[in-house]
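Across the two complexes that follow, chain A remains constant while its partner is chain B and subsequently chain C.
Right, the complex of A and B next:
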């Protein structure tokens, strides 16, 4: 095969795998920011927290990091629900959630990060899955399992979430609360309870994403920083509340970044990806798959 | 450095001050501040005061767009770093000193603000915030790849040997320049707040569609606000290379500037010019004290904790607390 073509194909494939990781990180945010209108900027910090917890638990038990992260999900669900209770009590009920709520989550992010630094230290933590050093080869294309397995697990979890939102009564109530919370009240459903549940799920997804992250790369307290811009960009590109759009946007973002990095060097890749987003916001602010407001 | 809070006094007076009187009072405060710091005559005091004052400028500048017009700018670090790098680039290209570089940095920031305004006119709320965040990432990537200003290695800026009269050290001179910049930006912010421009911005903050319908030229006002805010933020960053004698993209575009620029006005109160000043003086002094006495990790923890406590307990900032009690 032509070496340039092989390089491009490899760039696209590993971009798709990277996109799977982005999708895992962005899916939770798509729920909280896209559906519930909670600008949770601390989402990547929860991801880093989960990654470090998984690494510590892995060192203690030797279980697979992704299984550990799934085991962590209920605890993170409870954490998210508690955080939403505080958020609702202080901001949503008062009606000034826009800037104040944003600042609140900024504060939460710093508290998590510095909390990590002060308790387990600033160094990087890692967890080696059993398959971490295996690479499948399809002709010229490399498929490292270290990237493939987290991406597949994340996509499966997102698929499950989509089914839950479409099929179950509670899931449909979550989708409804995004559109009209007063109508929900008329159906005798407590919108606050539904939003608490949904926010808990979004933080639980951060736990899963953290597990995926720690399989892919070592994690430290500030690992979330590079994800802040990316996952917000992905959620907006995906059209806010559409999980399918979020996954496609995540894959596209991964591919654009990776292909740029392959051909022009990694230092240019953020500019291209974020430049695309900037252009898209200027031309089509509702996102690729969003409805016109 | 609580001296910078002094301008808060005139506003408490029941009779409102005119713009001219406020500018005169500001000039007097600036002179007093410079003399007071000169009295200290300590190099660390100069550094700490410059550090705090740069945040006064940054927070005040952010508040012109974020507080008066209600557009949350996540990219404050982009403008701040643009100012710092304008100093590096113009200083290297044209061999200019600090003062002309500050003016050029302000022009750069103003142009950037104008461009941002044009590019993001259709965006509101969270979309605008994300767009400015993207701008910050794009600009950082460009600077990292621009070897003329040092790329990712950073750039060194040597302080000039001769110190302008009547200052004893370059740190003192830098501090005095920063005092003037801080006081001028506060005066500009107050002038905007009390003028038709400020009223128009407040109208579009409360309801953009209604303001548009009532004949407020929202488009033009937004462009003016983004330009002035951008220019002032770049001004805040312009002396940074001389202050640290080194700039490097990761710290110049760091999250700390973006977060502080948002946190300080929110803690102080966004509706009035006094809010960002109070917030900046309080938070920046706390951070400087924590960096020196505890550790730089604790300094971020303090920002986080103070931010959470204040937005929960005092939704309208410190200024709001006093207004509510009256």
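Right, the complex of A and C next:
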């Protein structure tokens, strides 16, 4: 195969795998920010917290990190639901969610990060999945399982979430609360309860993303910082309340980053990826799959 | 006048016979000598800031046990800078103007040292820094002293060890790839590699920096492979180092020489994670537990440090920052003892004039406050098996290849990222 073509194909494939990780990180935010209009800037910090908990549990049990992250999801759901109760009580109910709510989640982010440092230390934590050092090769295309398995698990979980949102009554209520919370009351559905449930799900997805992250790289208290800009960009690019759009945007982001890094150097990757975001928003302000208001 | 009894004479004789050192071990008294610093106890630099703080504490406890400094106890006043340079000027202003500390030293790393400089310079205080690279190039402060082995000629000397190893290879390499993190330290190290590649007539076939936000390193390693260099010089910080070496393993690299200032394996957790992937990796370092690099106090410090680190959940081995952090306090202590009082100008003059015997060996400072003789170590991991920690305590696992006076093993090639 022509070396440049092999480089291009590998860049695209590795970008898709990286996009899978981004999708895992962005899916929860798509739910909270895109559907519930809760600007949870602390989402990547929850992801880092989950990654560290997974690493500690992995050290204690030896279980697969992704399985551990799935086992952590109920606890993170409960944490998210409790957090939403506080957010709703002190900010949303009073109509202070815009700036003060944002400050609240900034505070949550710092508390998580400092809490991690004070309790488990500032060191990096890692978890070695059994498959992490295996790479499948399809001709000249490399498929490192360290990237492939987390991407597939994340995409499967997002697929399950999409089905839940489309097929179940509660899922449709979650989609509806984003559009008209008062209309839900007419159906005798408590929008606060629905938002609490949905916010819990978004934080549970942060747990899954944390498990995916710790398979890919070591995690420390500040690991979430790298993802803040990216995942907000992905959610906006995908069209805010569209999980499908979020996945496609995440994959596109990964491919643009990696192909740029391969041919033009990694310094250009973020600039080109965010440039694409700006260009797309100029052409299609509602995002890939967003609806015009 | 009371006569002197035989018992009294005996007591006097015994008192005269007590060595001076033992008399100095009487408990220190008077107001403490307060030494102020910022330290990264949380945030991204805390992984190295906390071990540095432990080393400072060990030093203070030892000095106080020996009778203090100038007969007074020493007390370290430390504030967490949260790994944020913006916090640092405020911390030093408070230390000097409100806490009225007698002496100041820096926190860990260039990003924390540089913001402290204007405040310290304004108050004309002597300032011993920790792991700063080229900080004084712009400030040119005559009371600045650096505890870092890079010396003042970073461009000419930093990567010299790497290139000496490379140019001794047979056949001699003809091309090189340069990869570095887009950070101040790594820009300087890459500049040194670029300069020395030119001096050694090596063709640079890849020369790219990557941003700190990089998550996937496979495209970088793949592009380096496509450029077909004979040797690869990389500069990275811990999360990136893990990503680069994982990608190198997945892409089955095979280079005659691979490494550089890849900060990461210096931290115990990463040593354990990477295990055999480290074999034959050549890494810039400041200390390795090799028999050629043992000085009075080195081993004792590490043995004191490790149980504390285990209790405080920080770097288990303490081979990277603690020896230099302890040295930072040792040079200040020796200067103050020689001067005999807290006099910033006299302390600075002593720091410029004298040689210091420390746990990392003897050192002197030049006019810029850097070491007169650079001591960049280039080490190679050899024979790493599995992920156990004890192998990293033993000599022979991280052998020193450069400088030749500390050489403790022979260079092995190629680097294959753990592949058999």
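General observations
We adopt the following convention: the second predicted complex is superposed on the first by the 291 of 293 C-alpha atoms of A that agree within 3 Å, B and C clash if a C-alpha of one lies under 4 Å from a C-alpha of the other, contacts with A are read in each partner's own complex, and residues count from 1 in each chain.
We adopt the following convention: a residue touches a chain if its C-beta (ideal position, glycine included) is under 8 Å from a C-beta of that chain, and two chains touch if they have at least 3 such contacts.
Please read all numbers here as calculations on a predicted model, not as lab measurements.
If you put the two complexes together on chain A, you find that chain B and chain C bump into each other. In the superposition on chain A, contact of A:122 is made with both chain B and chain C. Of the two partner chains, both chain B and chain C are touched by A:267.
Touch criterion met: A:3 reaches chain C, while chain B stays clear of it.
Look at A:43: by the touch rule set out above, it reaches neither chain B nor chain C.
When both complexes are overlaid on chain A, the residue A:258 reaches chain C alone and has no touch with chain B.
In the superposed model, A:195 lies in contact with neither chain B nor chain C. In the superposed pair of complexes, A:275 makes contact with chain B only, with no contact to chain C.
In the superposition on chain A, contact of A:113 is made with both chain B and chain C. By the touch criterion defined above, A:14 lies against chain C but remains apart from chain B after alignment on the C-alpha atoms of chain A.
Of 113-121, 131-139, 275-283 or 293-301, the segment of chain B whose C-alpha atoms clash with chain C in the superposed model is 293-301.
For the contact definition in use here, the residues of chain A common to its chain B contact set and its chain C contact set are 113-114, 117-118, 122, 229, 267, 270. Taken in their complex, chain A has these residues touching chain C: 3, 7, 10-11, 14-15, 17-18, 21, 113-114, 117-118, 120-126, 128, 132-133, 135, 142, 144, 146-147, 216-218, 220-223, 226, 229-230, 254, 257-259, 261-263, 265-267, 269-270. Interface of chain C with chain A (complex): residues 41-44, 46-47, 49-50, 83, 182, 208-216, 218-220, 222-223, 226, 238-239, 242-243, 246-247, 249-252, 267, 269-270, 273, 312-315, 387, 418. Residue ranges of chain B in contact with chain A, taken from their complex: 66, 70, 72, 119-120, 122-123, 125-127, 129-131, 133-138, 140-142, 144-145, 152, 255, 259, 262-263, 266, 270, 297-298, 300-301, 303-308, 311-312, 315.
Per the touch definition, chain A reaches chain B in the complex via residues 33, 39, 86, 90-91, 94, 96, 98-104, 106-111, 113-115, 117-118, 122, 225, 228-229, 232-233, 236, 267-268, 270-271, 274-275, 277-278, 281-282, 285.
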